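Take a look at the structure set out below.
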Amino acid sequence: MNLERLRHAVFEANMELHHRGLVLDTFGNVSGINREEGMILIKPSGVTYENLSPASMVAVSLETGTVVDSDLRPSSDTPTHLELYDHFKCGGIVHMHSEYATALAQNRLPIRCMGTTHADYFRGDIPVSRSMTKEEVEKDYERNTGRVIVETFQNMDPMEIPGLLVANHGPFAWGRDPHEAVHHAVILEFLAKLENTMLSTRSNGRRPEQWLIDKHYFRKHGKGAYYGQRSKSNKT
Amino acid sequence: MNLERLRHAVFEANMELHHRGLVLDTFGNVSGINREEGMILIKPSGVTYENLSPASMVAVSLETGTVVDSDLRPSSDTPTHLELYDHFKCGGIVHMHSEYATALAQNRLPIRCMGTTHADYFRGDIPVSRSMTKEEVEKDYERNTGRVIVETFQNMDPMEIPGLLVANHGPFAWGRDPHEAVHHAVILEFLAKLENTMLSTRSNGRRPEQWLIDKHYFRKHGKGAYYGQRSKSNKT
Amino acid sequence: MNLERLRHAVFEANMELHHRGLVLDTFGNVSGINREEGMILIKPSGVTYENLSPASMVAVSLETGTVVDSDLRPSSDTPTHLELYDHFKCGGIVHMHSEYATALAQNRLPIRCMGTTHADYFRGDIPVSRSMTKEEVEKDYERNTGRVIVETFQNMDPMEIPGLLVANHGPFAWGRDPHEAVHHAVILEFLAKLENTMLSTRSNGRRPEQWLIDKHYFRKHGKGAYYGQRSKSNKT
Amino acid sequence: MNLERLRHAVFEANMELHHRGLVLDTFGNVSGINREEGMILIKPSGVTYENLSPASMVAVSLETGTVVDSDLRPSSDTPTHLELYDHFKCGGIVHMHSEYATALAQNRLPIRCMGTTHADYFRGDIPVSRSMTKEEVEKDYERNTGRVIVETFQNMDPMEIPGLLVANHGPFAWGRDPHEAVHHAVILEFLAKLENTMLSTRSNGRRPEQWLIDKHYFRKHGKGAYYGQRSKSNKT
């Protein structure tokens, strides 16, 4: 995606997050990346959704972390996004404070993979990060948030589990582009709602067997996928 | 219903399921059957609701399970629908991943018949299927899902309990035609919400007596029915 | 209110109940009474809300319980309404299967008076009826439902506690006219939602003292009322 | 803000509270103050939101507590607002009976500071007041409600924790002006919903460390704030 198309895609993804009711106030942001140009585009900090436009998306250099050609400040979470782009092969990232995922993040509870709705998108539990140290919080906080996320995925494939909960904070989700990142964020919040409902009625429900999880995940992903209209793998 | 009318009825039933907020993403499908022609019509796989039309409903032969006269793939759950039409005398079937019924299915908890709202439509508990074996999942998964559903009803009348929860998956519901199938799906989700609410405040509520359940069920079904405007049995 | 005005009032009250989202399907009905004429007006049985009009409200004689001048059947719950008008000095009655009140009714849990929002309308707990015997259910079921409600209020003033939950069934509410009956039903459902939320987080919350309940109840009712714009008692 | 602008601001803040779905019936009110003129403006008592206008906001003298130049009665909670303006340096106050905050108030449970969403606006737990004595309730009830709120904040800065829950009653929130007071009320209700959800799944979740709370609070408040577009502290 060239920068101009990416700018529109990032704008639209931010607006969709808002329209889906996933953001409280100005608490939420979506970014996208053009890796050839070494540039990300991200929501400006603290600007209300009514006042957003494609032109107000802020370009930031992946290498230097500095703003390119804008008078607006980028989201204060920008260093977290940059850290994730450095380590994950994703094209879009979402951060939000959605109701049910945030409740779990604040309770430091993962979203267990309890069924096929989950397995269609995430091949296993959606994890919670460890909590951050005083040093990590007081200096370079937003970059360190990214580092703690990357650490959480050291033994997992972030493209098979495209999201997590940051302890006592809230969810991040990502995808191959900004649109897919928002789609994963929407699913993650739905799964978080199911998880809260399940935990409030039975805390020890039996987990599905791994073969059921894999059956559903690979019905939609990879070479053997047969869900949808195209013959190739089509995520979403 | 001739095939042309059935095509419209199946389209409208799919759209109603969507408008009622019972489907996440493209996860949900409704089918209908014309038993004389030996043909079902069902939603195409992975097509968004904005892009559906009567013409995009896919005709599938009940006998051979193959698509008739369409370039679109039918829902990946088609073999489950076919299996149910083989064993149940229903005219329409719904599958969905609705919030509260899915939470119970993932927790492997039935929807207990706890009151008259339930008994007006379902003459007893809405059951959960057993979980499927590795063999059943890995080969012929969707057909086996149907087989496990049929097995669940071996000692129950599927027209008196027109729905169930598949373990760690989600609900199916059916009715005399696609419209009634959706109606039962709407009621099932409402009852699932009540069940989750009840379980979160009191897990051992006292069940209603069978005479109260039967009173309500037969107020609306069968020869002695006296609910509504017509003198004969009118379900719905 | 003369019969023509009452007919419109009962129609509008039924529609408001529907618009407030308190009725599932056709499960809910409102009636009103003209005591001088000995006549009630009530929703017809099983008719959808889109097809209701003032003209379709059914007039029923308080004394004989028979329909006056209509081809439509009245709500199957009509004998319950008649029994309540015989014993309570109310002008309108609502029955519904609203989500949170029905969940409590099915769990046989009262709505405890836990705060001022409750005390502003109901001077104490909203009770649950006893369950009905086999004989009461099998013969004259709807009239007996009314009798069991009246029995529940033998030591309470139904105009101070204008509603209850029928065990394993759902709520009834009433008021000085059909509009107030719906208003009390709306408040009752809100209080039922609070009660379910409270019970899911803490089952032994400390109750407010009686002086706080009475302070709020009498701020809005009776001679000393000082809430609102008029100098006299104005309920609502 | 001069009195004319304040009148419009108070009207709009009342309407926003209504549009956000935070008020049941006429149960909720917003006021604003002009300290130079010694005057507050507040919603009239028991008037429905459809009938409100800037002209119907009632002016009340801060010193004498009496109505200035209006035929309408002010909100019955006016003495509570006056007491708070006497002790807190706020410019606007909200009272409401919103669903989740009221459920916690009735359960006498505080809103624990469990994460960054909370810490962005409230620098610590949102407390519950003690319950009121018989004497406090029976005489000068509304003024005493204010006194109990002020007492709750004797060791806290009300501008760092701009809200609380009154036991068995409901929430109050405040801010630098009526608009910010409503904004804080909206956030408080969101946090109350999270708290209820958290408590229904895990009652002993680990709290965030104070450094994380302070990091977030001061990212948005005070001299070092760097959230948003302006270089100075900008709350909201």
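Letters A, B, C and D mark the chains in the order given here, with residues in each chain numbered from 1 onward.
Basically, a residue touches a chain if its C-beta (ideal position, glycine included) is under 8 Å from a C-beta of that chain, and two chains touch if they have at least 3 such contacts.
Just so it is clear, the model here is predicted, and its values are computed rather than measured.
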What chain lies farthest away from chain D once each centre is taken as the mean of the Cα atoms?
B
Numbering shared by both copies at the chain B-chain A contact, with half separating same from different:
different
Just the number, please: Cα centre separation of chain A and chain D in whole Å.
33
Chain B to chain D: how many Å between their CA centres?
47
So which bits of chain C are touching at least two other chains?
200
Given the complex with chain A, which residues does chain B contribute to the contact?
24-25, 27, 44-47, 72-73, 76, 97, 99-100, 102-109, 131-132, 134, 137-138, 141, 167-170, 196, 199-200, 203
Within the complex, which stretch of chain C touches chain D?
114-117, 120, 183, 186-187, 190, 193-194, 197-198, 200-202, 205-209, 211-212, 215, 219, 226-229, 234, 236
